[in-house]
């Protein structure tokens, strides 16, 4: 029992999130940015961008930026939203950990007159309809972004080539959308997708999967990876197999680590969806609504942000 | 001691099974790839064998791997350290984490489960801090460890193999190994026989930390990049490999050689399932089944031996 | 009058690695107490486990009340009214007495435990053994070990019992508790319950049993009415030859002082002082719970003392922990060999050499050949029965396990040896071997301090006997001065005082 209790205590400690102190300047609207895992560099960049945006517009609003321990701690994120409501924020900009589970708590936020904006991971349309609410989505079109990279790759491949797709965590919408985008591009160009497997967004897993795919399909011409970290793993696998230059790689996210690989050609392309600006876009939509006193229901359903192909 | 046949047979069954389902599984490339893929898992499983033998557990090893690899990468990339310096720093970091886990466990008589759970978070957080949560690309700077020597076999694999053999002999033949088995069997009886278990326990955790760091360097060398999210859930994969090898979670019983077979089974399974293109859910279900069947076989074998 | 026996056993055989029981034929009548005895390893435990369904026979058959009886498990046997109380306690320490007594059949209403019904039932069960004073709501771990044993026996009496097997039920009991147990066993016999009573304590068996069954090397050596056989005959049938128990030996010549403790306090122990000299055996007598074990543990550094000074070989010494003690030539043979001595699941040889690995290793590497030779040597000298030195100690009988631990300390060659109940659960043959070794150790100039609950054992072995009572050392007797009555009176003396003090307080 003793041990079990200590275990619980440790769990509780480890999942605790320290909230930043909130300055009580009543005049300015207060916007809460509720993130997913701040351990992920993508979200880190997003938050850094939001903070920079607030600094540049310090007169207009206050920002409370918080996040959960890992990307699947759904209940932790629900708790965070409840805490933000208790602090009476004026708007919530959220990257939901789960596209359905967060809907009820966001409904109660809207009922309290808080403006809610959805970024990054789009909330499930059916779940929103069932609750009779509308939450604007501000974010990139992952499927379109992936298609950009796929189209670029297809131009370098002979028609009918075999390719493999290394997917992120398959239960996430972003992973599914990017895989769809890759498939769209390959189908349009007449390539053959020989295998789709998950590298769980990770370097080592991406490496193992890439290596196995190349063994099973010795004539594989390219690997399309759901993020750049897995693409790094794929590049290492290609080197181990002695196929550098023979198998092309594309990634997604444009992290700094892939810069040298793009330069020397070991990676053909990646996609930048300007993580640093995404949260800021979301915040701007919320601020506009607050300033114009636009009701939640009349906000535009989708605002697509910029995605761009990066090849060097 | 007679080597039980169960594990090699199970391994053979897996290899034959994948050979029949996949056209390209039974090729030299596959086995070389597996050999070059497993050094990190192997050295960590060796450390975990020792930890389980003293009836402890270390859940922090995945995080320690990420921290050590991240620290080495950052030292080389951002601080301009040379390779030996950075690698030593990484290893020292693993040694420190392990020693800390062991010392706290022993000094306050806490279950290592809890202390290492704490270390899991501390090391992971530190890994994010030192890498700024960003994947660090280092290029071929320490590629030497994973550049094939002969027949595509890397020095990392040979090093891991040497560690397996040396550890096996230490566990079987040395006074140190004998003490660990005794401590895992009955710590109080050892104390009353005049052997203070505490320093030995700290040494085992320190060793585990160092081996996790070595695993991190091996991965860093092969993947040419350090992922701050590396090794998430790896502790469970390592424990699975060790337990498949017949090491008891209750302490006092285990074999490094059998652990190596456990590692091979886990690695062949992972590579084989990826190669036949099994879906993610199917992979998980099959891996789970193999773990349970392997442990059942082991239990059955032990019961029969006792008559 | 020829009645059908309650249980008939025919041609029962059982082997593990080697045959343990061969062709056992026995019959147990309704309402008799049968003593089952024999050396450790003779097959007593195996036979009783076969009857109680814990293991199954290789061949042979059993008839219970004329019907075929082949229990597949303990629960199965219990359903037929055959119950066994094991020597090892199987109580759950954190649960209450009542919960332990009714484990598996806890009364409940709507899924909740019916505490009143449970406690009432427990009280009734405890009353069967005259244990009215035990509070059924107390956690078992808070009872003394003797009382725990009685609770274990009380559990065996729950439900409909036809045949009850008791394995060394009095090992941990005080004289008073033994009396009460015997009274209750006689009542049970009167109610028609058949009792199989396993023990090494021949005087107890002679008092209570109607019939005696002796096993030797897995075969039936004797099955006769108790009244027909003498103490010596039983011993002879157990070991196959004569055994001398010498009580009239002169005091050994003792040399210089090897161990002195002064004003030791800690835990139960208050202000204890004693000295042991080279070549002598000092006995430590007292009731269970009088602080004997605690004093040994304080000396050995296993527990921390609050005050006290210690000299070894005449020089002041510090023992902070067992490692210090062993390094300075002090060894402790613990009372509870399973939890504090043996490395269960490990080889005999490893158990034997663990406290002194430097003798069988070089530069940190174990010399397998040397270890094997060492193990063989001790195996022969102490007549340890095992297949080989690689056999796991958990497969050995209790007596042989104790010999292994004894050998561990002999091999360590300690100057001062502390022994806590060195012959507990050990058969007569092995006991004689251990006595002979202790005598040889004293003659070799070692200092021995022996705790035992068996006064005759101390009177046989020791040159002096110190008596503890309620945590203090009350009196030391020289050989020739003591009588059993005087020792007992001293053991109770401090309790009488505290009782007097309590009554004084109440009166004032």
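Quick notes on this one:
So that you can tell them apart, the chains are marked A, B and C in the order they are listed, and the count of residues begins at 1 in each.
By definition in this document, a contact is a pair of C-beta atoms (placed from the backbone, for glycine too) under 8 Å apart; a residue touches a chain by one contact, two chains touch by 3 or more.
Not measured: the values here are computed from a predicted model.
Counted as hops between touching chains, the shortest connection from subunit A to subunit C is 2.
Each chain gets a centre from the mean of its Cα atoms; the one farthest from the centre of subunit C is A.
Inter-chain spacing, taken between the CA centroids of subunit A and subunit C, is 68 Å. Measuring from the averaged C-alpha position of subunit A to that of subunit B gives a distance of 31 Å.
Centroids built from CA atoms put subunit C at 44 Å from subunit B. Interface residues of subunit C facing subunit B in the complex, by the touch rule stated above, are 16-17, 300, 302, 321-323, 325-327, 331-332, 334, 339-346, 350, 354-355, 357-358, 361, 364-366, 368, 408, 412. Interface of subunit B with subunit C (complex): residues 173-176, 178-179, 181-182, 185-186, 188-196, 252-253, 307.
Chain contact summary for the complex, subunit B toward subunit A: residues 22-25, 27, 29-30, 33, 36-37, 110-111, 113-114, 117-118, 121, 124, 128, 132-137, 139, 146, 219, 222-232, 270-271, 274-277, 279-280.
By the touch criterion given at the top, residues 3, 6-7, 10, 14, 38-41, 44, 170, 195, 197-198, 201-204, 207-209, 211-213, 215-218, 228-229, 232-233, 235-236, 239-241, 255-261 of subunit A touch subunit B in their complex.
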